[in-house]
Amino acid sequence: MSLKNILENFSDFRRDAEVGGHHDYEHRWAMSIDLNLCIGCNACSTACYAENNLGIVGKEKFEKGQAMHWLRVERYWDETDGEFPEQGASFVPMMCQQCGAATCEPVCPVAATYHTPDGLNAQVYNRCIGSRYCSNNCPFRVRYFNFWSYYEQSWPEPLNQQLNPDLSVRDKGVMEKCTFCVQRIRTAKDTAQREKRQLQDQDFVTACAQACPTNAITFGDTLDPNSKVSKAWRKHQVERGPYTHKKPKENAELRGYRVFEELNVDPSIMYLERVRETEV
Amino acid sequence: MEIKDKIIDENLGWQRINEDVIRSMDAPGKYYWITFAVCIAMVLCAVAAEIYQYRMGMGTVGLNNPHMWDMYIATFVFWIGMSHAGTLLSAILHIIHAQWRKPIYRFAEAMTTFSLMTAGFFPMIHLGRVWNLYWVLPYVSDRGIWPNFRSPLVWDAFAISTYLSASALFLVIGMIPDMAILRDHAKGWRRKAYGILALGWRGDDRQWRVFRKTYMLMACFLIPLAVSVHSIVSSDFAMSIMPGWHVTTFPPYFVAGALYSGCAAIMTLFIILRYFFRMEEYMTLNIMEKTCKLTFAIAMVWSYLNIIEFASTWYGHNTYDKELLINKANGPYAHIFWLMLFCGSVAPFALAFQKLRRHMPTMFAVSLILQLGMFVERWMIVAPTLSMAHNPHQWDVLYGSIIEWAIVFGSFGWFSLLFLVFVKLFPSVSMYEVKELTFHLKHEMEEEKEAAATSSKSKAGAVGKPGLEGA
Amino acid sequence: MSKHRLLAMFKGFDDSLPVLRDIKAGGCAGVSIDDVDYLSPIEHPDIDEILERKVNVQKFTFTGAVFGVTFGFFFLASAQASFLVQPQGGKAVVPFPTNFVLMYEMLIFFGIWTTVFSFLFLAGLLRKRGTLYSEKLTVDQCGIMLEVDEHKLKSVKEYFKKQKSIEIREEAVT
Amino acid sequence: MNDIKVNRRGFLKALGWGGAGTALTACDLPTTITLEEGKEEVVAYVVPEEYVIPGIGVWYASTCTQCDAGCGLHGRVREGRILKVEGNPDSLINNGSTCLMGQAGVQNHYNPDRVTQPMMRKGAGLQPISWDDAMAELSKRIKSTSGSKIAWVSGSVSGHQSVLISEFLSSVGSKNHFAHETINSSVWSQVCADMIGDAEPRLRLDKAQIIVSFGADFLGTWKSPVHFAGEYAKFRSGQRGMLVQVEPKMTLTGGNADLWIAANPGTEGALALGVANFILDRGWNKENVPGTVKQALAAYDVDTVAGLTGVPATKIQRIASLFSERAPSLAIAGATVEGQANGYDAASAVMLLNIIMGNIGNTIEAGNKFPERALRAKSGNTGDLVKFAQGLEDKKFDLLFFSNSNPVYTAPDALRVKENLSNASFKVALTQHPDETALAADLVLPLYSSMEDWGSHVPAYQPEKVSLSIQQPLMEPLYKDTRGFGDVMLSLLKVKSNAYNKFPDYYSYLKTAMVNMPESVRSGLKGSRDQMWTNLLQNGVLNAGSNTPKLTPKPRAIKAATVSKNSEYPMHLVPSARLGLWDGRHANIPWLQEAPDQISKVVWGSWAELHPSTAGKLGVQNGDFIRVSSASGSIETQVYVHKGIHPNVVAVPMGQGHSAYGRYAKDRGVNPLKILDAVSEEKTGELALYATRVKVTKTNKSEVLVKMGGSETQLGRGFVRTVSADQFRRTEGEA
């Protein structure tokens, strides 16, 4: 460890600290969620339970707010004074936004959450000491903490046989959250490597995107200019990076937006605005 | 100088000072042991609660998705804050040569050390996997893993360990001359023990000289350290993006709040010690008055910073911040918010009246109210922000669980326990500095008398200029 | 020629101060003010005008603080540089180089510890320096301690008696 | 829309079983880690089956049986365990998607409370017996009971399972097959059959520019939710159609509507007639109707209808103009319309709207019909339940079979099914779970789960091609003392018929039957018979050609009766169905209990929805318990207050209130079906589920309502931003 090495690495460590983000991306997984198509049916959420070994907490713990749904479908009523909600409800699937400039990452005292070269906010369960600072600093509130040893009651025999062996079952005291089905990413990468080819768009999708009955969720790599998700982002003129909200779109009518964009966290999920007839 | 304004009676015999202070360390009485037992019971409750929490998980605390932090962090900040009055006040007053600190700084510094020892538990108790606590320390690991130096929690670990060692050293170094006194008065094993703690102190000029310099240098270090410690604790909040936390005024606000709660705690302990150890001659009402005035000043600073925070939130016009503020004042936590403002900004006005300042029962009650206000303030910082942050879908109202309360109460038991042990093993009033105080006071009085004598002479010689007095 | 150590006790500072002045003025034959140790229950900055001795704690403190801040930077920089995997990414809300905070803490940490150690060293604590001592020294009396040759012992004792010393203790220096 | 459809074939390599499909020995491999004990066993994969690669998941095609829509599945099997299901992209019904119930199918399979061995009633309780003894007892009973005294109660059933049930019943000489489903659309089907000549027409949501849905929750619980959700996506893309939903309580579909209207319950038919009248009056209609029809409609002028329905006249006019302007249009009717005593007429009124706008043959096409009539779906309904209950009351049955049906739970108390069960001397429940009916039975025969069993499914609602979906086991049975439904049926058939002796098991029967299908069906499959079978298993679905007969609309004069006032029971009860727990059959699945209701977001329990004005009058708020009483009983549950409900309606969702059915379902919430009055739809004899009148009273009890989410609104924080459809069409309106 020479002085040169120290200084070089240190400057690397400091590089672009003001902007945030990993700088040598191999992929940048991202999503586009069309709220015009999302019907709020919860299929994505249940698919996530099935894929990711999410604990079933039961009524009492759900009441305390200790549920573990990595992907929750938030339902909002309109703020109108009318007698009835004539324009229906608003649904938004809310999961970890895999921010490029995530606020959860710098605050973890042990670097248990960090940015991968895939553009994911990885959560290293083994490293987590449970300070829960990351969750406090998440404006979306999509990080879920193992308040209990959920596995003790979640899967009585033989429900445990359903558990996905590709990822772990978490014990108490660690934070967890949506991983963009990192085990599927891993498998797809391994397969591509074995078959000596590049990873292709739609080689795989996340469990939620796969289940969605209306195909409201598009998943892919924004570094691949030909991927569906890249096209969607381009089409709606949503750019990666923080501070993008300061640049107005060429066509202001395009529907793409990112939740809490003004916080400059660079979310990887682009939502497309919900559409309603105004003439009724 | 009128008797009424004197800090202490300068004619106290030095022999008597020794005896009076050492008498406070006599074998404890019935009430001491009852209090002791109560404190132990409180600590045991907390230990039992912690064991349960350790086995079952943090869910026992009633935390949930928006409320990842709650009472533990609030209590942590409270105790860290309380630790500030002792050392910081002692150091500042030492540097500005405020003589009245001398009879009271010892127990205040002990309070600092003990509240730090209490505060230190909370980040641990609060961790989901406390058994991996050491991962926040920068030790060389074969896996090439270091803590994340960007996290304010790691800064906390550095700052608190520095502060704990520094304030403990400040206390211990400051006690060395007193240890020598105790060594010379005690018999048997105590003599040996105090002898070891006195480190061979005999009071020669070289020792005093080096001691004076060391003490001053430490005081100089401690002031910025204490300020930095609470600034860093505040950056746990201020460095986040949460509305209500990401506030520029948080560091001074926290420091002011810390001094505030610390001063209130000094008042409480002052009255308790004064009453139980019959130390009316040392912990005089004049010192109490000065402490009260200081507390009042800090209370006003704190209130001002509160107003600044509200005003900047208001003018900043950030939706999240603004709505949080409105919700604090008008939402589910409103009663606690107003309780905080009453305790923190209205109740201290009792300190503005001399009659009340000299009435110990009132002051005792007021000091407790101020501390309640400060505890509630810490909790108001933690809980409502998490309750009503950016995402309204995750809004929730939470008051702690019984496990959490047991541990919070247990921490008070633990602090009291340490303090109880301290007052029986160590002098809670600095004997050598009280002696210094009387010595200097006496000399000042004499000088004043001489000066009065000369000035009356000169006055007598300056007849015919009556207008001057009115000016 | 053996040496003796004398400890003359005085009622208080006011009684002993003139004695010191007198010694400095050469009032006590064969005794230099530089040989005198002044013992007291409280600190008397006034006597430094007479004794004119220096303190060097601050130099140690300065060294410690400089070391602390340097060590802080290199330790942290090397730690940050030697991560197996650089935990990059994530935007700190305040992009303040954390090294400043931690270097600041390390400055104080090392500054305080070197101060304390230099204090122990420079004050001559934790060292055996004869048994000549009076317990009154921690109550209210002051003492003047000095080493004299045997042949001067008598005259010096006489001198102290004359100066209203309450008690004079002595021991042989081995 | 096609560019949004995900092509997943690249990685979903569904492999067939290749030859002897019964060789599912992969399941013999032990689990490597027992989670509960934390012990790790070293497993030597010395001679693994050739298709089992440790650590590699393999996908097999099968069919979802969580509801009767018949979605195609791919199941991921690893180390012999089924881990997850995904939609089969080859299935034209779900196009690779699933709903939450489909995802939860694995928890139905791995449910910890399954029945694991046959049980026979001895005295008051059920005692375990062997299969041999059980079947011996059963054949004795079958032989000794006259055919007319034997009855079979099932849910919706199709394919070869349906064939076997009818074959069995005809072998014993019984005609008593009752197919009972609480969530059905049989009144609408009857209307379709009567007015356009096709009971199950194909609805082209994708072609429509406006859909006016009278209570049809097609995104949630109507016919084929995943299919319609996919069609809905097409409907909402491009030129983006408009959705108007008329219903007393907001359903998932209502939550996605552009205009949601709460008409007075029972007056939806009048509303439809009012709209039709207005259209005819203005001459906006595309097809002419006979004078008699017009005459009958004349009574429904806008003001009268507005008075009847409580929908403002301007709104009715607006719907009418939108419906006629935005061709092609589509009007459908669902549960809340069908479930009234005037359901048939009201649904006919809705169909009349389609007829006058010329939607027949346009957005309503002739449905595909599976060529082999015997395999077609026998859709369940509630009319069969009423008939069954009547038969039971009249002591017509001695030997009862229940399969895939739980009438003790789903039948209203007013039908006295539970009490009258003792009228039948021997009751057999073929079941996977210890449900209420099984516990009341004399013989309980434990079945394979749908992931262990063979089957074929012909969905009632057929998509663009004639579809059959094959159900193959995704793993070895978990319990050795359970049997496949088809296997049990074959044993029963063999009691009185020798025709089936050549089939040792259901697998051989199914394979033979499938490969011997008529050419028209097999057109999609090629090669030898074995290859065909393998292909079928690989694909999981069989999509044969479509048949497109022309539909002839037969408009008729309709008079929609309205609901009278009831002073004792002033409010209407809506026993709402939800995608999730369905009619209660999924209450034992923890994922579905924990999945919040889409509208109220309540979990793990029951609730009653009230409009804020009603709640205000009652003096209740979220979490307070209310008593909902009808003439037939009362239930107590917590209130959830929201605006998406008619003020005169209290909605209590179906699904909870089980007295048995395993740890997750038992003693949780209330079952609104129990307090329904025995009102029948006048023309079809269906049970009128939505016609029960209730009164609501406050109780002193109050608890926290366990639901997801803090704030009910976004507080202007821009999570979901809404833009106008015009803007959408400007930017993305390409066809």
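Quick notes on this one:
In this document, chain identifiers A, B, C and D correspond to the written order of the chains, with residue numbering beginning at 1 in each.
What we mean here is this: a residue touches a chain if its C-beta (ideal position, glycine included) is under 8 Å from a C-beta of that chain, and two chains touch if they have at least 3 such contacts.
These figures come from a predicted structure and were not determined experimentally.
Here the chain pair with the top count of touching C-beta pairs is A-D. Using mean Cα coordinates as chain centres, the one most removed from subunit A is C.
In terms of Cα centroid distance from the overall Cα mean, chain A ranks first. One finds 63 Å separating the Cα centroids of subunit A and subunit C. Centre-to-centre, using mean CA coordinates, subunit A is 32 Å away from subunit D.
In this assembly, the C-alpha centroid of subunit A lies 44 Å from the C-alpha centroid of subunit B. The distance from the centre of subunit B to the centre of subunit C, with each centre set as the mean of the Cα atoms, comes to 29 Å. Chain contacts: subunit D has residues 709, 711, 713-716, 719 touching two or more partner chains. Contacts with at least two other chains are made by residues 80, 82-83, 85, 87, 90, 92-93 of subunit C.
Counting partner chains per residue, subunit B shows two or more touched chains at residues 66, 145-146, 148, 150, 154, 239-241, 390-391, 393-394, 396. Because contacts link the chains in a way that matches no line, ring, star or complete pattern, their graph is best described as other.
Taken together, the chains touch in the following pairs: A-B, A-C, A-D, B-C, B-D. Partner subunit B is touched in their complex by these residues of subunit C: 13, 37-45, 47-48, 51, 53, 55, 57-58, 61, 75-76, 79-80, 82-85, 87, 90, 92-94, 98-99, 101-102, 104-106, 108-109, 111-113, 115-116, 118-120, 122-129, 133, 135, 137-140, 145. Every residue of subunit B that touches subunit C in the complex is listed here, in rising order: 13-15, 18, 138, 143-146, 148-150, 154-155, 158-159, 162, 165-166, 169, 173, 176-177, 180-181, 183-185, 199-214, 217-218, 221-222, 224-225, 228, 232, 235, 238-241, 246, 432-433, 435-436, 439. In the complex of the two chains, the subunit B residues touching subunit A come out as 56-59, 62-69, 123, 126-130, 132-133, 135-136, 145-148, 150-154, 157, 236, 239-242, 386, 389-391, 393-394, 396, 398. Against subunit D, the residues of subunit A that register as touching in their complex are 35-37, 39-43, 45-47, 49-51, 56-59, 62-63, 67, 69, 72-79, 82-92, 94, 151, 154-165, 169, 188, 191, 200, 202-205, 207, 209-216, 218, 228, 251, 253-255, 257, 259, 271, 273-280.
Interface residues of subunit A, counted against subunit B in their complex, comprise 17, 61, 64-67, 72, 74, 76, 94, 103, 106-111, 127-133, 135-137, 139-141, 144-149, 172-175, 260, 263, 265.
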